[in-house]
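Order of writing sets the chain letters: A, B and C. Residues in each chain are counted from 1.
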Amino acid sequence: MGKLLVENKTIVTPGEELAEGMDFLPAEGTFRDKDKIISSGLGLVNVNGRVIKTISVSGKYIPKTGDTIIAKVTNILMSGWILDIDSAYSAVLSVKEAKDFIRRDADLTRYYNIGDYIITDIVMVTSQRLVDASMKGPGMRKLIGGRIINVNCHKVPRIIGKKGSMVSMIKNATDCSIIVGQNGVIWINGSPENEIIVVKTIKKIEQEAHISGLTERIKTFLEKETNKKINIEKVE
Amino acid sequence: MGYTKRNDGRKFDETRPIEAKAGIIKRADGSAYFKMGKTVAYAAVYGPREIHPKFLQNPTKGKLRCYYNMMPFSSVGDRVRPGANRRAKEIAMVTEKAILPVIDLSKFPNSVIDVFIELPQTDAGTRCAGICAASIALADAGILMSDMVAAVSIGRVDDKLVVDLDYSEESYEGGTVADIPMAVISRTGEISLLQMDGNLSREDLKKAVEMAKKACSKIDKIQRDALKNKYEVKK
Amino acid sequence: MSIEQKDHILGFLEKGIRFDGRKLDEYRPITVERGFSENAEGSARVTIGDTEVLAGVKMSIMEPYSDTPDEGTMMINAELLPLSNPDFEPGPPGIQSIEIARIVDRGIRESKAIDTKKLCLKKGEKVWSITVDICPINDNGNLFDASALAVLAALKDAKFPSYDGTVIDYKKKTKESLPLKKLPISCTVIKIDNHFIVDPTNEEEKKVDSRLTVEVEEDGTLCALQKGGDKPLTAEDIDKMVGIGIEKSKELKKFL
């Protein structure tokens, strides 16, 4: 016995009543107050059977174990590097977790220097939000050249697309290398004209992420900008 | 003689016209514009972010810091000298206390949420406009909040209780005046800001609180609409 | 910033475009709105791209300075509000806001844009004092030019309040404008490596080698200059940048 008080997939605001009745289960972004389920922030409400959650649409990146991100080196210590991950918290990359083996007395600036951007994984987040990074995984490296843009990290899934289909479509159309960090930091490298098209496309996805038919619209947009025909591969 | 008709013709329980927008300052993590009559407030939220200096860090909970400032050209009459003053500091503090009940500080330890409130134009009710703007801006910034907060000044002008006192009423000379700014937490109706300037009977205070709750529930709808307008799926 | 990132922007500049697709001498879209404030004697809101700045004029009556007994006074003040940029801190104006205020002030003062003699009410006793305050709302680069434009627009918008000889009635505005003789336009040109660009975004401001703010009167006369940035300029650089400044000022003038 329970009643939904809002329409699924609509925007809800903090303190808004989402459902009443003990049947519903409050998940991420919601809490129970007596027999009501309440939203604990601004988000898109998502009802799946009896489980109600809200998906954040705004706000800074919150580091999660397993995320692959793009970070900027802001400080170098004896034991490693301090990274700005575009979040409330910095991450630490210890010497042991760098991509290659580094001798004890080596000059760390020769590997990653202040201002360098790197692709790295988040391997641990403590309850006090101390964040550990590691570059041991595949594809981890220092980024050379290219440019960095910042997007709303909540739009990253749409920018990447199902199994990477959206970002692949953009890469193929523009011949650019594109790396999308889960923290909303994106690295782009290609010819100037094509990079500008990539940035325009990503900004368009950011603004129109919630409107249906996104993939078709982006395909049309890219075709117009690059004067190339694009084939969208079916993704299972 | 009594205050029989409001200076601008409003009903006694009517707020001035309100306009609210979310996300209008691109560099901020969250922001809002809130206009109540002639009083205009901007609020920008930066955070959660690292707190400096380091000794202010608290490993169990984060910090909420509010700042309030009137721009030098914001009032009728003399220029407002820029710089922190005691009034601004006090307003910043009560603003912080008005919002704190809906924020769970334990969710962002070792960091701070900074809320900057700036007023380019003032006509009384500035701390209330600031709180209304701040509440929208915090939600816009994706901060976890159990509810939203609205605020309004109830006044006693001579023999009448009125909602949303403007400057002409605050400085009314035909009788005594009381100015009672209040902030109300939307769902529970609890009061998180209560101040009073002037003199007031106990019965009038009770009535004023009820009037504030009613007025704030209308303001609350406008605040939520501002957020939904920014994020709503446009079909 | 790393060498690799700097080289990357040079690849763009060599082709005559910037990260956002603009040409090197292209300004972002500009809007100027006059009179947004009901309480100030004059006001203006300027946007250049996403950068937004408010300026407000306040007038009062004071004793003149002893060395200029028949002239009114003018002061420009800027506060880099922490509201507008995550790197701005609350507190008294830092050197950045002081620099912006003083550059804009110099342009207006040196060009004698305001006829301060016309601000005199009674020699040696009473003169009008004009203060313009600059308050950025969003800083997405080029606060210099946005602030200068906002101040000029606000001065143009300003009207004297009523004064009966003893008391100023701020609530009653007269139809009398400020005695503005000229409108000096500010254009900031920046040098990255050996390329010159105008209207930098925040990202571009971080890569600046040097900058030159040029303030120009209608006939091309320079009325203020300020060089900033860590690297020096050659004589050719300066002439080139001044030329760009004069050219661009004609475009910017149209917004007033």
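Keep this in mind: a contact is a pair of C-beta atoms (placed from the backbone, for glycine too) under 8 Å apart; a residue touches a chain by one contact, two chains touch by 3 or more.
The structure displayed is predicted, hence computed values, not measured ones.
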Shared chain contacts [chain A and chain B, defined touch]: C
B-C or A-C - the one linked by more C-beta pairs in contact: B-C
Most distant chain from chain A by Cα centroid: C
Approximate Å spacing (C-alpha centroids) for the pair chain B, chain C: 32
Chain A-chain C separation of Cα centroids, rounded to whole Å: 38
Junction residues of chain B, two or more chains touched: 49
In the complex with chain B, residue positions of chain A that touch it: 9-11, 13-17, 31, 33, 38, 40-42, 56-60, 88-90, 128-129, 154, 210-211
Parts of chain C lying in touch with chain A, wherever the complex brings them together: 1-2, 4-5, 7-9, 11-12, 15, 17, 19-21
In the complex, chain C residues that touch chain B: 36-41, 43, 50, 54, 56-58, 60, 77, 79, 81-86, 90-93, 131, 133, 135, 137-140, 170-171
Residues of chain A that touch chain C when the two form their complex: 113, 115-117, 143-148, 189, 192-193, 195-196, 199-200
Sites on chain B touched by chain C in the complex: 25-28, 38, 42, 44, 46, 49, 67, 69, 71-79, 82-84, 114, 116, 118, 120-123
